[in-house]
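By letter and in written order, the chains are A, B, C and D; residue numbering begins at 1 in each of them.
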């Protein structure tokens, strides 16, 4: 399907459920897609950072896209990350995920090699020139160690190179510059400006963002869909209350002991533990070399769910999913 | 062949010659391998950063390894980088380059995802557990944005996980800790400690390093082989003079205008321009999205070669290679 | 006077006007204070980063505080930065600015020496223990190269160590955690949470911030006072329009050529050029070793002012201040 | 006295002994100076990072310089740090330490404010223009978060702005560029190139460095003086053995628990604990907000001393200093 221009609303970066031996768990992926779709999300973004794209082989990535596209059945647009180091490798990933049915691709600046803004621009131009589907830029400095300057994003939008931006920089000032520029520049139309934040989606919508791509929407899609609706109807007090509930829930990403694991093991481990506790996925395993949460850490995830009203009875939840590890 | 334990001497990180349309130029690769071998280097390292591994597709990478192994014909050990983001992807790259004939693989810490030292250790254990050939660690914080602590490297050496270290951190203090530890710890034998520096190979040898992997050895392999020999015979004054000549030559990596390109475009562009001017490779192209050197910048590369005594007559040199761009 | 708990509204970080030979220009400082007061600001923050505190000698700093306190005459609370490297030096600065009449002090984490969160906590406890006036924490990672974790700020608030936070981190998620914690934790009362952003003051107010400390409020205090009022009355559409006008005006901070100067020379140079063009201060000089804006760059500042409706006629403006350099 | 041009040999960055209530312990400072002088060091550097300059008030700093100059009595040149944020503040510090008798000042790039290389050059020109004594540049990116490019240092040397460089960057390649440039450029004479490393002084001397400023020379000045002599006589094998002994001793800087303190608390705490255990200083206290070493951590410092042959009998050592905490 053609992605809307702009794409609006809640577009969860879909977790990739794994089996205990780290293969894609297709049945759990289907359940997760149903869980998101039933909540009313507006699109699906697979193979982003929350999807552990960096940890999946090319074969696994293509399986995820194909299964998601097939399961979505044209009801929702499917965006797919094409995460790789440089232009020639990204071009291969773009071709592969487009062939697997993705409606748009999401591409970062080059990484591993240090790149100049001129090289980043060249990268996006080459990728967009060869991509059969629209290209969104993915600004994620924590992973790629460079920023996409707002002016560059807007110029590439005006050129027709970029169809949108997924901003995971945390920098609302620069994000706003893109939002305002996309709205006011006469040479830009239909450009999708999406925030990757979990914590200030209300603010992003208030200043004009088109959509949100919050990892936590895997755990509580209903919350973010509600938040989106409250923002669109201008019900600021209730939007803020909903956002604050989600901020509290997001605290789960810190359950992992920083003496034992990195932030990815903790955050993605928490999301998957929550999906497991909620009965959505069969196994909370994260990909190697991430470190699994301990039983006590998983229990703390359960408490976050309970506090947010997402777990009727924790004992029931864990009984339903005996494979919690 | 089995790589020596430890591997000693000069092991150039072999540039990957490309055609004007960015395919691997196998004939030029063969000439480059001959150029290095004739100079007396002690091993070959393909698919490192200087090889533009981050810019090559998997198919191109495997071609480079297979051609290098075939051309080396068992006369020199061939190490191959297995550069990818995380364990599952690195495992695939390790299998592929080993199948293509590499005698050892060189593996970085995970990147893109932020990792904890415990996760880095887990990564190397899993990779080594599955690798059919010895694994060397590649410490390159400028690319992966984390360091390999000396203590971790030594512990993994003692466990038999790591067979060596290629250190491109620039941190001689930490490098020395590995060198001294590898020599003095009774639980470590045959561990190869290799510096990635161009600028203080003499110092690294003086403190006990086994070998060097300088990118500039593509351009002047005779110089580094001479330097290695002078260091081994304890001729410190002449070693220092040779090293200083090579330091001056290394200045070529800065020819590229920093307002127009990043450090990789400039450095690898300079190495390839030099190889082209010296008549070794047919085309100086670097991979996308790197920016090519201008004619004036290439001319400055020629001046560095001339000053180092590596270009009898620049006009002859350029006449031999009419495709300089 | 006692500062309000919490302090609310617009609290400009007051620029420090200098003479051409880099002494404090007291007459211009008075005019600037009048300009701010007449616009209806709610407090004054001297000796912050926008005040070039890092560039002022201790004698100059004390003069700025004393003159500001005297000129404010108790009509507005005066906060003063006590910017120095470590606890013993900050303690001296706190004593000095309190003696000069400051109603509260604003203190960063230690810098130059690398510090652990436990050392940062110890620092604030020691400073607050010895300060005769309330202490606000200043989170400015671009200057001090460490962050103040939200949890630490809240714990020090609950302990009575900190009376408030001035957040210049740009990280709205963490800022929100402090805002929400200060509102909901029963052990915290009267804590002032102030954003240092120019670009999303509307968002900060919407999520519950008490006040804003935008450097650009030197140039356009009326705009920020208006924005504050629109936010408090819940007039979101007009607040957003006002904020967007201020965002456009803020573009002036980039007028300086990045090949010739750093971000401080450009941003503070632009604020001072604007104040000079508006006839508020007599000389736009910034402190050494900052580089002055060129005439063409100053002219671009004038265009930003004109576009924001802040300069009736640029020629009149420059005629009134013949010392523009 | 006039400092030698170039200054050669071992120039310890002198620790600042403190009393339990964090005043300068002048008697201990005298004993430390005697300890260093008796070992044969070639100069004294006070108010550097190892001296906790960032933690001392201006009054304390001037006391340290005056006491050191008086106690040295012209037998050794005294260099003094003038560590402050920007030009106007550094100018005051330079005047103060020169008035207190320092023979040369050591000055970093500006910090806190982010600075451009052009602003750094301007800073050094202004400082040198006003300094009554020679100015050495202090390259310490871990503290000031910018680098001094080798080319800039050499140009300022040729201009007569800089009399030397104290390099604490850890980057031996860039250090070598300064060493070689200072030796070979005809427009530079008498420039002192000093390494701040503890771990590769032998390598620095081998490539032509004039001197070394190792913090560990407080603990074992005899070792570094011996190392200097062995390097100058070309006795490479024994120089390396001595350097390796010192590298092992340097391991003490890591005794502090990183969960409880930062690197400065650990390293300076270890040096002071060692000086206390060796009976040189009366109290091992470090300045606030640094965290003291635990008794167990101090015990580990003692083991490092014993292993290096610097503590005949640890029980005797501790008996002599009953105030170990």
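Annotations for the structure displayed:
Here, a residue touches a chain if its C-beta (ideal position, glycine included) is under 8 Å from a C-beta of that chain, and two chains touch if they have at least 3 such contacts.
Values in this document were obtained by computation on a predicted structure and should not be read as measured data.
Listed by label, the chains touching subunit A and subunit C alike form an empty list.
Of all chains, the one whose CA centroid is most distant from that of subunit B is C. Averaged C-alpha coordinates put the centre of subunit A at 36 Å from the centre of subunit B.
Averaged Cα coordinates give subunit A a centre that lies 49 Å from the centre of subunit D. Taken residue by residue, subunit B touches two or more other chains at no position, since every residue touches fewer.
By the definition given earlier, chain contacts exist for A-B, A-C, B-D, C-D. Here subunit A touches subunit B in the complex through residues 22, 49, 54-57, 60, 83, 85-89, 92, 110-116, 118-120, 122-123, 126, 142-145, 258, 260-265, 287-291, going by the rule given at the top. Considering their complex, residues 170-173, 176-177, 180, 197-200, 202-203, 206-208, 234, 236, 240, 243-244, 247 of subunit B touch subunit D.
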